[in-house]
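Next, two complexes with chain A in common: one pairs it with chain B, the other with chain C.
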Partner chain A sequence: MERHEIVEKIQAALAEVLMRDFGPLSEGTRLFEDMHLDSTAILELLMALEDNIGIEVDPENLNMDDFRTVGTLTDFLERARKVSS
Partner chain B sequence: MSTRYLRRLKRALTGSADTPLVLLCNFEAEAQWARGHVGLPAPPAGATRPLVAAMEELGALLAGADDTIVLSRPLDPAYRDYLTHQGLALPTVLVPENCRPERSTTANAMDSPLLLDRLRRLGAAGAHLLPMGTTVDEEKLARRCGLALATPAATVVERVNSKIYGRRLAEAAGLRPVPGTCCETRQELTEVLTRYRHRLESGEPLVVKDAYGVSGKGLLVLENPTRAAQLLRMVDRRAARTGDDRIHVVVEEWLPKRCDLNYQITIARDGRSGLDFVKQALTAQGVHQGHLMPAELSAEQYRQIEYAAGEVATRLYADGYHGVVGVDAIVGVDETVYPVLEINARLNMSTYQGGVTELCQPPGTVAQARHYPLRLAAPLEFDAVRRALATVAGDRATERVLVTCFATVNADALLPVGAGGPPESFDGRLYALLVAVDRDRLRDLDRAVRATVTTLSVPEESHD
Partner chain C sequence: MTSLAPTRSDVVLRRVEAYAPERSVTVEEIAAGLGLNRYQTRLFRRIRGLDRLRIDPDLGLLDLVCPPAEALLAEVGDRDRIRYLIFAHTAQDLTPTTLVAADALRERLGLPDAEAFAVTQHACASGLLAIEVAGELLRAADDPDALALVLTGEQPFTRAIQVLWNTSIIGEASSACLVGLGGAGTRVLSYAARTVGEFFDGYQLAGAALHRFGSTYHTYLVEVIREALAAAELELADLTMVIPHNVNISSWVTICATLGLDRDRVFLDNVGEYSHCSCSDPFLNLATLASRGALVAGGRYLVTAVGLGATYSAMVVECAGS
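Moving on to the complex of A and B:
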């Protein structure tokens, strides 16, 4: 999966969790400040990403910094896909 | 001059209405209690967000002129003048001399010899320490400074703040519980979610809550069996990795509700207790937004809350607790009262409003305490807020807008006022109490404050 495809999957997962449709998101979009994601929604977002990307993610392996922006979350998911493949 | 509310509180907690208090508003108490308990899978907790830590300023409005509050940053001078001008008797503010932003105020205090010395003198003069929620850290601070604790020991406070404890107390007291159950192991959670499979398949959600989740955190809504299976897989993988089968959560049916309630009980050291107030809680997606007071309840619904308050107080006292207790409850869409959703045996957001509502909300009027979100490009000076809000309250005789916390406006700014502003925009919150003659006028006032606060914000980028 190309990086831009992961960004699209994140966008779809955010739309599902936050129940809003978004236009294209840049990698610099901040999840908490710009998207108003709250900590309650992190677990739901990870579950939606599991569905969309087909990897298993354990929240304990994440760092809150991974959730800073769409780009940092994409970095994390790329690393996770390499480990699981 | 202290409010009657504060004097009652002091009498219950310390035995005398004149006892000087040292307040410490440690809003991160739950995170401390949660250590040693296993909740929902979650990323490792980071440091408390500056904005949440800054909510400690709310304590300044509860304390009286004879009291002291320990804050990691001083009150803004313009905000302090404003509060004094509004007729509030403010406490002495002590700021630890060694503050680090990633530490709690209690940790900052413990590392500040000059502050500790001041607190020792207050302890010697008979002051009591009143934390928002007592953890082992505040207990250590009290011991080190010779301050008597106005609350029970941390072990008692931690035990009774578990949502599992609260649910079992409600069941034992015969108070109508929200349908659900407690889980303490992976196996129990698996059994419960299997039992609820049909409910999930028919589209009726469940909510899974950490035993020690802060309001709106540590909470997962399961809307279908797929999400339940995913959760169980995550929990199984964690158990396999750590060799620890525990998970401390409550699983409850998600009930359609007319409103959330929050009521406060104060249990005195001698076991006497009283229902202080019942407020309607404003929430958005499970996260606390504020309170409406008084709550819209029938006489019978109020009586049910009064009865529940008495039962909760009796059982908490029997378990070694005295002090302030906030209880969350709900009224279903069919008007059924579920009187104990959650017991918070600590000071609550509404606790801090008690003094200002006594001063600002005349009998027969309605009030709302809430926060208004701001998006800022640079720190905002209090005078800008004051000027903007001065245009809002129309009929000053019956309407009032009082800023109840200003530190949360600029807390997430990376640079202080006058230093050129942070490189990125940041979110802030302005806390305010609004008073009006009726609900319609209150709604108008709320809309006006919201519109005014928006003018102070930078335009938001649209992601729609």
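Moving on to the complex of A and C:
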């Protein structure tokens, strides 16, 4: 899966979790400040991404810094995909 | 912010009993009834570590609260020494306005001479607060042999108080704790509590306030843990084990990392078995460890609780053994 496809998966998961379509998001979009997600909604987003990308993250090693922006979340998901595969 | 000065104490938990309904449901079963989506449901199992909850809709409030109290009272020789019945619960009202739950419990348990009242001000941390209140009242009593009975147990009667955001789902359990000054039992060494008024909205927290509550939760709890340890003149390394509230596993992953505490030293078995049961968690966990013969005589244990509103509390106890 290419990086831009992961970004699209994040867009789709955000739309599903927040029940709103935001259109294309840049990698600089901040999940807390711009999208108004709280730490628990972030985890719901992560569960949606697990489902949609087909990965399982290690719940013991979650770092909120990875959820700062669409870009940092994409980095995290790329690493998680490598571990899962 | 309101802090209770950390105290050293002469309070002894003479006996602790706990109870949970036999009927249980899985997280998935209860989530469907609560209207949680599949991602939220998955989150509760995968991230929060919840598995089953005890819930029995056919039990009345008194049917839930009385069993551990009745088991405890069966072992008490002189019930007249019980001067106070303190019912600690999270929701401010558990009964219609025509019925006072503490009075109903006093009557059903056959303690007509005990003063009965509720303590709810610290929400789910009110159980530990009730122990502190019991100690204060017993010190003020004219009888050094006077006792207090602290009870917990309630049923989450609306969805709003059963599902705490994506954080926890409330289950049902109850407990009874006989409190005296001195004597044999689990000795309370210290107690610390802090209420952060910024989060007064409790269940209604949303937006930026909810985000701050989530991001500061561990910081405030770790602060009171350190205060309680300092008041007991102990270090983290002196503890045999931490006996936490059962809100979820993931919050304890963060707390352990912040404290530099090995996860194996935190008793988390009951998170998956019961989930968070309002004020009952600390007592339920103590009773579980006792029933397994896992409490070390002379061991020091840190007990924690957090209540929405928000109060963070920690108590250090020295166990008499299982």
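Here is the rule we go by: the second predicted complex is superposed on the first by the 84 of 85 C-alpha atoms of A that agree within 3 Å, B and C clash if a C-alpha of one lies under 4 Å from a C-alpha of the other, contacts with A are read in each partner's own complex, and residues count from 1 in each chain.
The working rule: a residue touches a chain if its C-beta (ideal position, glycine included) is under 8 Å from a C-beta of that chain, and two chains touch if they have at least 3 such contacts.
None of these values were measured; they are calculated from a predicted model.
Asker: Using the touch criterion from the header, give the chain among chain B and chain C with more contacted residues in chain A.
Answerer: B
Asker: Could you tell me if A:T40 is touching chain B, chain C, both of them or neither one (first, second, both, neither)?
Answerer: A:T40: touches chain B and chain C.
Asker: If you stack the two complexes on chain A, which partner ends up touching A:V17: first (chain B), second (chain C), both, or neither?
Answerer: In the superposition, A:V17 contacts chain C only.
Asker: Kindly classify A:F76 by the partners it touches after superposition: chain B alone (first), chain C alone (second), both, or neither?
Answerer: neither
Asker: Between chain B and chain C, whom does A:E50 touch in the aligned arrangement: first, second, both, or neither?
Answerer: both
Asker: Would you check which partner chain A:P59 touches, where first means chain B only, second means chain C only, and both and neither mean what they say?
Answerer: The answer is both, since A:P59 touches chain B and chain C.
Asker: Common interface residues of chain A with chain B and chain C?
Answerer: Common interface on chain A, chain B vs chain C: 38-40, 43-44, 47, 50-51, 56, 59-60, 62, 64.
Asker: Of all residues in chain B, which touch chain A in the complex?
Answerer: By the definition above, chain B touches chain A via 40-46, 216-221, 226-227, 230-231, 233-234, 237-238, 241, 285-287, 424-427, 461, 463-464.
Asker: Okay, in this complex, where on chain A does chain C touch?
Answerer: 16-17, 32, 36, 38-41, 43-48, 50-51, 56, 59-60, 62, 64
Asker: Which part of chain C faces chain A closely enough to touch in the complex?
Answerer: 38-40, 42-43, 46-47, 49, 165-167, 207, 210-211, 214-215, 249-250, 253
Asker: Okay, in this complex, where on chain A does chain B touch?
Answerer: 20-23, 25, 29-30, 33-35, 38-40, 42-44, 47, 50-51, 56, 58-60, 62-64, 66-67
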